[in-house]
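One chain, subunit A, appears in both complexes that follow, with subunit B as partner in the first and subunit C in the second.
Moving on to the complex of A and B:
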């Protein structure tokens, strides 16, 4: 593990953005997330790592209540964003999801133009009053998504015609367009080639300036490269959570150690 | 006796299978490596017997009747058939056959009784012959197939060759049937076009085909312009589609996206039942329920309504097409990848927004394909319109008037007196040909679109 370019960044001073207490998630009778407690810092990239099937995606999806769209899924416990319980009765999941953006494993642009892909979120949430405002939002989001230069001449070409890496950055820009403060990413690079991956990783590092980013990854190198905090999940439990540097160089739990050294996974 | 022949064939197949299989297993147990596993040796023998012998039996059964009849008729005393027409000859043959089967009416002439006796005798000889030939063939092939068993014999390839031959035969049958139907349509259509010019048929605006076939009939003088007929078809089709599309689509969207599991589990089977209702039942639903209802409503509103309306026939046809469109739309919506749905939901779109803005546009090609197939069904639908649409070819676009359709006209043209040198009868084939061409074009379009959208997500 000595080739990891772990960068020490002091983020402990940041405020807590998301706090989860005693979270349980069930799929029918399957207990997928067991009693997870975690405090995720503002303007920080937090990586979720762990063997596949350990519940990383499930936990991530309970942060923007995407689990509500699965009939058999049930979430218990307390998840707060900025101190507000997101499972409270007066929280509208639809509005929550505009504030907590999500990027998926496989790039999933809508079969519409690049412009319409970005404009869709702002349109349904009424963020732009005029066409000029919308143009501005689209440009700003595409710039933040680090893809503006590549698509500015073909905003009305279909989004599905872009390369995989461009599509994924388009999806990140699409998520940014609704002005979220949290971005959830579920293995955003697993369908991309190495060059596209490094472009997206670079983008994630920039996003940290304005957003709280939570990224699920199966690549420990990636976790080490982009994140400041790492949480290691195993069989539905949050085994260890701490500064990325510490987790990779000095894991406390034997399960973390064996995962990092490649013995379980 | 025929049953016996089939029994022999069946037994021979099983015995040959067992024999060859045993022989092959024996070779293997003797320590040699078989090219094909023993099961294939058995199958090879089975197919070697089954296919040719079955063909022989079937051919025999088909030809036996004709051969025996010819022999009987030529063995009648000289001069009996002199000066008789084909119909009378057939009558004598039928009489002989019925005497042979024991049904004697009145006092038949002695030569007929004698012929009947010869007839029964010949039939018996024939079926005995069939059994003998079957048995001999089976035995011969069984010995031949058994002699083939050896370690190197490629039984698997043999079986595959026979099976693929059978499959080729079946597809050839299907293709030739289609070609035959189209060819006979085309042939009769050309005959029709010799009597009525193509331009009159395609562009004429008057359709009065009930011309006399016999001189003493009172009928119209005849006009064969198909425009009013096809316009009637189009009007009814439009009515049907206008009703079927919104109901079918909305029910599919509801069932696919919004309905709780319990509702879905009840509604889907109900829609399937709707798809299974025979069209004749829709037909009397149209005349007995829908048409009177439209008339009453029209009377109350003071709108003139014909007794048979395009609206009644088209409306009921629309109901018939609902399950068709809804199942296509359902498939198309389900085929939209879950990732797209999640993408929209994660942006904070509501379910309705997700359906309308993302799922529906993505599913449109599939839905359009389904709608086009529904259109071609509506155009070809016969029973409902025969019962509920009119017979008079009015050239009108008003759905409250009586119109007639291509299929209705085909049916009425072929009912009653027909004769194949008369434009009235031949017109049915011309209409059939046009119907075939129109639905073919629509189907090709529809299948293209359906195929294109299938590729879209792979």
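Moving on to the complex of A and C:
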């Protein structure tokens, strides 16, 4: 816990990357996110925790406007990345999603080769002019995804042939291939075994150097291990937000306390 | 277990479960027996169908021929008068050489004997001589199909025991035939004419070439129209159309369309394509358009099901890296759905191949003796050809009909096999 505390102190000095003000999200008549305000720091791992169905994924998905793809979903309020309102009319969600990468609960590589999985994003955004540039992007992304050594000899084998943990690191590499600043991860380890989980967690810790990472997790141990900031959601409300070690050692809200001690959730 | 339940407690859960267990097992056994019976009956029907068609049809795959040495007599055939000439007399002369018993001066006897030639024989001879007039004055060896009654005789479909006046061949004709058979002039070989000839009034000459090509052109037109339109409609409805009353209404109507009897589509095509647009009757192009009307709902429904089956995680993955809606659909969803789409399309085309009623209505049951070179030439199709032959009085058409049915079934089974292969090969690769 000592080293975590030092880390959190560093983090408070960082700039705000994402700021949300009075965010409401509705699915039809269901009010899924109720008036959430939060400031997420740059180059920090922020964990969203809370009982299932409390709206963690919903809030995460409003940061890259993935909710736009759900017909009945409506987002209100103000979400800014680097001060720019992402729901502004001149923001194209397609462009936004290149800057805000996303990793999903279940590893979902395309049923294509490992190479093509990584190259797809850069290709549709026109990030590489030549084959050599693309090769470079692919290698760099796979290295950052901490999977290069395992796949470098079979870049043209199908991505779906990898193990679950490798697939998830491939998906992380795919998400960072478009050079995003923000990485959103929705329970990225929930489908993985403990060894794969610790590999991915290690990777997340490295990613903090270059990216703002927001991770949804239902495992409090995981939140404690990888994050510097933690936000606790309950029934659509953001109950408590602060340094991870403060939340875990000294929660202010009784609901946070009972969740952490295992009484709700 | 038994120890526990036989204890002092009156009725434990285990006891209750055991009491109901026998009943449940019996129900399951009855259900199983029922299922097995249903499958057996289905297989029996299939077996009867195939057996009856093969039993009558296989004989049409063989054709009885007569082989003769023919002296092309310059007295009968004049090189200057070609293509006219007394080719039938030349043939008869060659035949009589093998039949010394027949009195050459008895016109009736000669006519009876020469009935063994099919009507096409003299034309075959003519074509050969027109092609190479130097044959005049020489002796050539020719193999020709025998006429239908003799073919039946060879295949033992004509019973020698029948009283003479009820037989299609009299005793003298049969004696002549036996003489030719002994001389080795009568042989039987695989009937390639069945595939390479077009239709004819004479069963021994009738073939399926016209019908096969007619069906091919019609299916090609059907595919070219129904496949892109069907996929386009399905992709739009499934991926882009807003979900509201109008799209629900369209969906219901597409499902209804798939259930409309095919004869109705035939009437529609008759009044629209032929009546309003003035397209010609009996041509595979119109047949293909008509079949496309029927195949499209099948393709739309299969495509929508295939699109629905693509897991949402793939869409999310593509959206997550910043693909636009259209890139997600055409770059990921449609390619992944393609095996399902193709399977549905092939099944739709197989249905179209066997469809008869609409083609009858647009006149694809005409008697046409040349194979269509383009989709705009008059033609029949396989099912309508079967219909025509089944309706013909000549005995020879009975086995021809069965043979045509076997050809049609072969194509249908092949198409369905391809569909099944595609489905199993590409099933779930994510």
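Here is the rule we use: the second predicted complex is superposed on the first by the 256 of 265 C-alpha atoms of A that agree within 3 Å, B and C clash if a C-alpha of one lies under 4 Å from a C-alpha of the other, contacts with A are read in each partner's own complex, and residues count from 1 in each chain.
Basically, a residue touches a chain if its C-beta (ideal position, glycine included) is under 8 Å from a C-beta of that chain, and two chains touch if they have at least 3 such contacts.
None of these values were measured; they are calculated from a predicted model.
Superposition note: with subunit A as the common reference, subunit B and subunit C are in steric clash. Looking at the shared chain after the overlay, A:108 reaches both subunit B and subunit C. Shared-chain residue A:95: touches subunit B and subunit C both. After superposition on chain A, the stretch of subunit C that runs into subunit B among 81-89, 135-143 or 315-323 is 315-323. Common to the subunit B-facing and subunit C-facing surfaces of subunit A are residues 64, 66, 69, 71, 94-98, 101-102, 104, 106, 108-111, 120-121, 124-125, 171, 174-175, 178. For subunit C in complex with subunit A, the residues that touch the partner chain are 242-243, 311, 313-325, 327, 331-332, 336, 429-430. Of all residues in subunit A, only 64, 66, 69, 71, 94-98, 101-104, 106, 108-111, 120-121, 124-125, 158, 160, 171, 174-175, 177-178 touch subunit C in the complex they form.
Within the complex formed with subunit A, the residues of subunit B that make contact are 261, 337, 339-340, 342-350, 353, 357-358, 361-362, 456.
The part of subunit A that touches subunit B in the complex is made up of residues 64, 66, 69, 71, 94-98, 101-102, 104, 106, 108-112, 120-121, 124-125, 171, 174-175, 178.
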